[in-house]
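Submitted below is the structure of interest, expressed as structure tokens.
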Amino acid sequence: MIRVAVFGAAGYIGGEVLRLLLGHPETEVTAAVSSRFPGKRVDSVHPNLRSATDLTFCDAEQVTECDVVLLATPHRSAMALVRQWASRTELLIDLSGDFRLRDADAYKRYYGVAHEAPELLDSFVPGIPELHRDELRTARLISVPGCMATAGLLALRPPAARRLIASRVLVDGRTGSSGSGATAGEGNLHAERSGAMRVFAPVAHRHEAEIAQHTGLDVRMTATGVEAVRGVQVVCHTELAPGADHRAVRAAYREAYSDEPFIRMVSHKRGVYRYPEPKILLGSNFCDIGHAADEGSDRLVVIAALDNLVKGGAGNAVQCLNVRMGWPESYGLSFPGLHPM
Amino acid sequence: MIRVAVFGAAGYIGGEVLRLLLGHPETEVTAAVSSRFPGKRVDSVHPNLRSATDLTFCDAEQVTECDVVLLATPHRSAMALVRQWASRTELLIDLSGDFRLRDADAYKRYYGVAHEAPELLDSFVPGIPELHRDELRTARLISVPGCMATAGLLALRPPAARRLIASRVLVDGRTGSSGSGATAGEGNLHAERSGAMRVFAPVAHRHEAEIAQHTGLDVRMTATGVEAVRGVQVVCHTELAPGADHRAVRAAYREAYSDEPFIRMVSHKRGVYRYPEPKILLGSNFCDIGHAADEGSDRLVVIAALDNLVKGGAGNAVQCLNVRMGWPESYGLSFPGLHPM
Amino acid sequence: MIRVAVFGAAGYIGGEVLRLLLGHPETEVTAAVSSRFPGKRVDSVHPNLRSATDLTFCDAEQVTECDVVLLATPHRSAMALVRQWASRTELLIDLSGDFRLRDADAYKRYYGVAHEAPELLDSFVPGIPELHRDELRTARLISVPGCMATAGLLALRPPAARRLIASRVLVDGRTGSSGSGATAGEGNLHAERSGAMRVFAPVAHRHEAEIAQHTGLDVRMTATGVEAVRGVQVVCHTELAPGADHRAVRAAYREAYSDEPFIRMVSHKRGVYRYPEPKILLGSNFCDIGHAADEGSDRLVVIAALDNLVKGGAGNAVQCLNVRMGWPESYGLSFPGLHPM
Amino acid sequence: MIRVAVFGAAGYIGGEVLRLLLGHPETEVTAAVSSRFPGKRVDSVHPNLRSATDLTFCDAEQVTECDVVLLATPHRSAMALVRQWASRTELLIDLSGDFRLRDADAYKRYYGVAHEAPELLDSFVPGIPELHRDELRTARLISVPGCMATAGLLALRPPAARRLIASRVLVDGRTGSSGSGATAGEGNLHAERSGAMRVFAPVAHRHEAEIAQHTGLDVRMTATGVEAVRGVQVVCHTELAPGADHRAVRAAYREAYSDEPFIRMVSHKRGVYRYPEPKILLGSNFCDIGHAADEGSDRLVVIAALDNLVKGGAGNAVQCLNVRMGWPESYGLSFPGLHPM
């Protein structure tokens, strides 16, 4: 069994990492670090893990030898932990935003502070099995992208890579409340957040930089919080490049994703669930992608959906771990999602 | 115009008091007191009041002369304000729990602290127009009951007063999240509170003492938080008293409530909304009451629903004010509720 | 009192028309027509109207003389009613889609059938007080725009009219479930519709034609159903025209809307409700509009929100009626919305 | 691999049976019967099964040889299928209400029609592993109890069997919308069902007869639909029997359930999830049970929660199948539930 230490284990992503690793046939969680709740039972914070574990949270200082370090800590606080652990562990997977952007200036612009370990930025392999599977097999440092970024880059990469779409793309992201974390604030009080259609980032959402980095496109993003706890959806508005057609777009997706275990193409003419929708993906590691053409115009709309805490975070990290360790990619990730929901 | 000062104006009940008074033809809000947000615009906290008012919150010390003082402050903090204002104003209406129970010992038991002004308890008239309309006409101190208490006592009083039901009643209360106030906490974070069926008081909820006080019954209460922002429903489980029958129960309600402007009897054999349900009452001052008999048994189930912030708080206070001032009882309270919702 | 006959009174828009007219000081509902429920009490379908009315639904044939005819019937079925009533009533207000597009070909394209009364299309005044107030004062036929169309055209008209924005605009509309009406179907079953982020019109939503017609822009629309019963939000993505700047945009809105009773400009740097959001508008006739600029780029994002059944339908119709009759514009429309919600 | 034919496979319970059997290491679904959708792909109705199966629905006549027949058809329609299949298959598991009550008269009373196969009622073993594990090992006919019935009987059996509680119990059940099935109706339209607190059975809910049958108690039930798609909670109000105390109650639960794989005792003094709550159980086969005592009184409140489609239906059926086949009881049922949710 591979021994994994999870930092930030009391957060929502951290809890999801624990759930997945506890159900994984090859991993053992040897430390669940929480600065807020040291000594408290893990299942007192994550009640779905009752009977699944007797672990208690520990302090960062109590973490001893382990094979893998997984960071699910807030943005900005991962940098120090990476410095501390990068050389002491076989594999470090960071789920924060700190090592997602290759460019320290972009980090400053989007995160508002200077990067503390710019020299390490190049050492991280992006945690995107669909794009970096080979590099992940030998990676020592992995940075898992943001939830809406994952949806957006998986949605746009195939046609972008084949230059089938215009360079400028508008990404409209919608997200549930778990994306803002487990810390109470005025804006995520139930009475305020419930039933919201809240444009919290009309322009310049952080994830646009990540999507741009992985697709080469000029990405402009708007983000809205809608009524949901889990789940993210992006609607990407773009146009066919001169000379491209919708058939080529379909072929690009088929080519890129037909063998991918966690990507499903979803565009139906009939039925209730015609395009990707997060609610049937909750708990699963799938990213569903669909696209629609505007007859008689060059407009192309690409839609992607995923569970922000799974394929948009913890599940993606576990998939990367599986790739890195040479295990079947679906280990620990077999839950298909629920219907109705 | 009657000048009203509202304390606790940044809370949810306080905001609803403001909304109702701003739409009231005879009142003027001269002070909106908030210890948290002095100097801030009222509509920055209550965005539904944008364009309805230019008021800013003020400190308690800034409140000058006024005709009516309305306290929408948290439990325990109203006692000091009552001492301070009782003699300085024509009318004081307290929406907190501090002067609801006539018995200081019961206050200690249910609120966990000793009462600071026990000598004033008897001076308060209960803010229940349906039961105390005459006393309210000349009241100087009014204490508005709790939200689930209002639903429960209005549901049970008619058959209880006529001794048509057994003395022991079980009241199952369900409430939306606004009942726990505008202050963020772990339990009312959207991701935690959303979709809840949370039994937060399996036994001994405070409001059972109020219902007992106003009905003379032995009341046992259980309270559950369900998915909703506004709205309270109580389901009262009781039995017919020996010799009583369901016809007498119906007559009791008719007699008690047929002239009440804000009570509606709702028990239908068909349709979607057969029994009282809060969602169609949101924003309105109605309390809907229905009852059902178990054929061939003595079981009687009484159901009541209301908007916890209106008939369960601010609206009831305004209705009391209308009674006290001799105005039409529906002044400021004419909104009927929405469907669908 | 003006006598109003409401057709389609059992639908969601029809119910809202009834609610507003029953609370209106100058109107009397003399007929509530429903082909599905003739003879049934109105409040058995619209339970919020219990105690507000004793009306029963009637058949279309039973409608006798009246001053105003209000059609809240489904698209396609209003055409015959307009033919029948246009000459028999002082004023007809149509809330369906049948007379919104001036161009019969566009109607065919977006509604899938040929228009049955193309000769009447030009006789209708658009039911948009903000754009057509003067014409409305003498109108005999009024066609109220669609819910997302209203939000979109009010959002875009001021900068479009002053040529401050690019001609091509992308409108991302989000809507609650009441927009699809009161008739049960597979897709609006609670278990299927709940928690949805459902892109039901990735391209070519009908309302894009209306927004285009009223702004002169080339509008492309995408529509998504999100978790809500009431409420519509549009996010309009556009760019400044060459030479235009954000200050001119702000001035355009100020000039167009500073005297409008039901438009509020909402763009805040801080707070929970920084941009327009429908949940605090439910039941109210407001359309909130906000805009955001992307620093260092020409991108402009305009956001608008309203209650689809009120400003997006019934409330707008009543506002038009008020204008037409020379009554104060806010008659029957004074409800400000609720917070929290 | 054991071959299973699922009747009623397009319903919500049927879909959940498919999900669980498709993830089960020892079963193969050889027929998914739907009278509504023969020939249609299973994943067009249950979109969570995309990529999990290529099955299409078939007609009942197309079902050939199989080892197990699983009926997830509506009440009343299972009787004919049982007659037809009882002798043709090694094992039949019925999820409808048709064979839950041992008494044909009770069936008539609660289901409104005469039972068509009363002679078979005694042949069914109740599908409750916690109470009938030994009989299930050799059962040929199994009848899985109703969702709220399962919660209620598991909650009450331990103290009832040891005569620690009064014979009369009041069960307050709350349920999500999936309990009323996948067929659209006026009452489960999203706009009507959303945010509901709908007392649909103030007295005499069917499941009370089942709880009575399995506990020997005199059970009175009230059922309310609350805002949720999945999930059931029962709150059982009772009293200690003379001479009993709360310690004995705790011991009774410990004795009955400490080795049960899918029952967890949940009663905490602190934290957000102090008592059983369905939202963290969605998709899982757990039934959480907690109890609370009223200090200084004999009142006992027992709370149970489960996912109505899993432990309240399909999961319980799979657990029975596992018991019957001698497989590990958790086969196919290892999903722990999600947090947050």
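Each chain gets a letter, A, B, C and D, in the order it is written, and its residues are counted from 1.
In this text, a contact is a pair of C-beta atoms (placed from the backbone, for glycine too) under 8 Å apart; a residue touches a chain by one contact, two chains touch by 3 or more.
A quick note: this is a predicted structure, and the numbers were derived from the prediction, not measured.
**Q** By the touch rule set out at the top, what is the minimum number of steps from subunit B to subunit D?
**A** The least step count works out to 1.
**Q** Does A-D or C-D have more contacting C-beta pairs?
**A** When the contacts at A-D and C-D are counted, A-D has more.
**Q** Let me spell it out: compute each chain's centre from its C-alpha atoms, then which one is farthest from subunit A's centre?
**A** B
**Q** Calculate how many whole Å lie between the centre of subunit A and the centre of subunit D, each centre taken as the average of the chain's C-alpha atoms.
**A** Each chain reduced to its C-alpha mean, subunit A and subunit D end up 35 Å apart.
**Q** Just how far, in Å, is the C-alpha centre of subunit C from the one of subunit A?
**A** 38
**Q** Measuring centre to centre with CA averages, how many angstrom lie between subunit C and subunit D?
**A** For subunit C versus subunit D, the centre distance works out to 45 Å.
**Q** Two-or-more-chain contact residues of subunit C, please, as numbers and ranges.
**A** Residue numbers touching two or more other chains: 12, 178, 182, 186, 191-192, 194-195, 229, 272-273, 340-341.
**Q** Sort out for me which residues of subunit B touch subunit D in the complex.
**A** Result: residues 170, 172, 174, 186-187, 191-192, 194-200, 202-204, 220, 222, 224, 226-228, 231, 233, 235, 237, 272-279, 292-295, 297, 299, 301, 303, 305, 340-341 of subunit B touch subunit D.
**Q** If we count contacts the way the header does, which residues on subunit D are in touch with subunit A in the complex?
**A** 12, 15-16, 19, 22-23, 44, 46-52, 178, 182, 229-230, 264, 266, 268, 271-273, 277, 280-284, 286, 288, 334-341
**Q** Given the complex with subunit B, which residues does subunit A contribute to the contact?
**A** Its residues touching subunit B are 12, 176-178, 182, 184-186, 188-195, 229.
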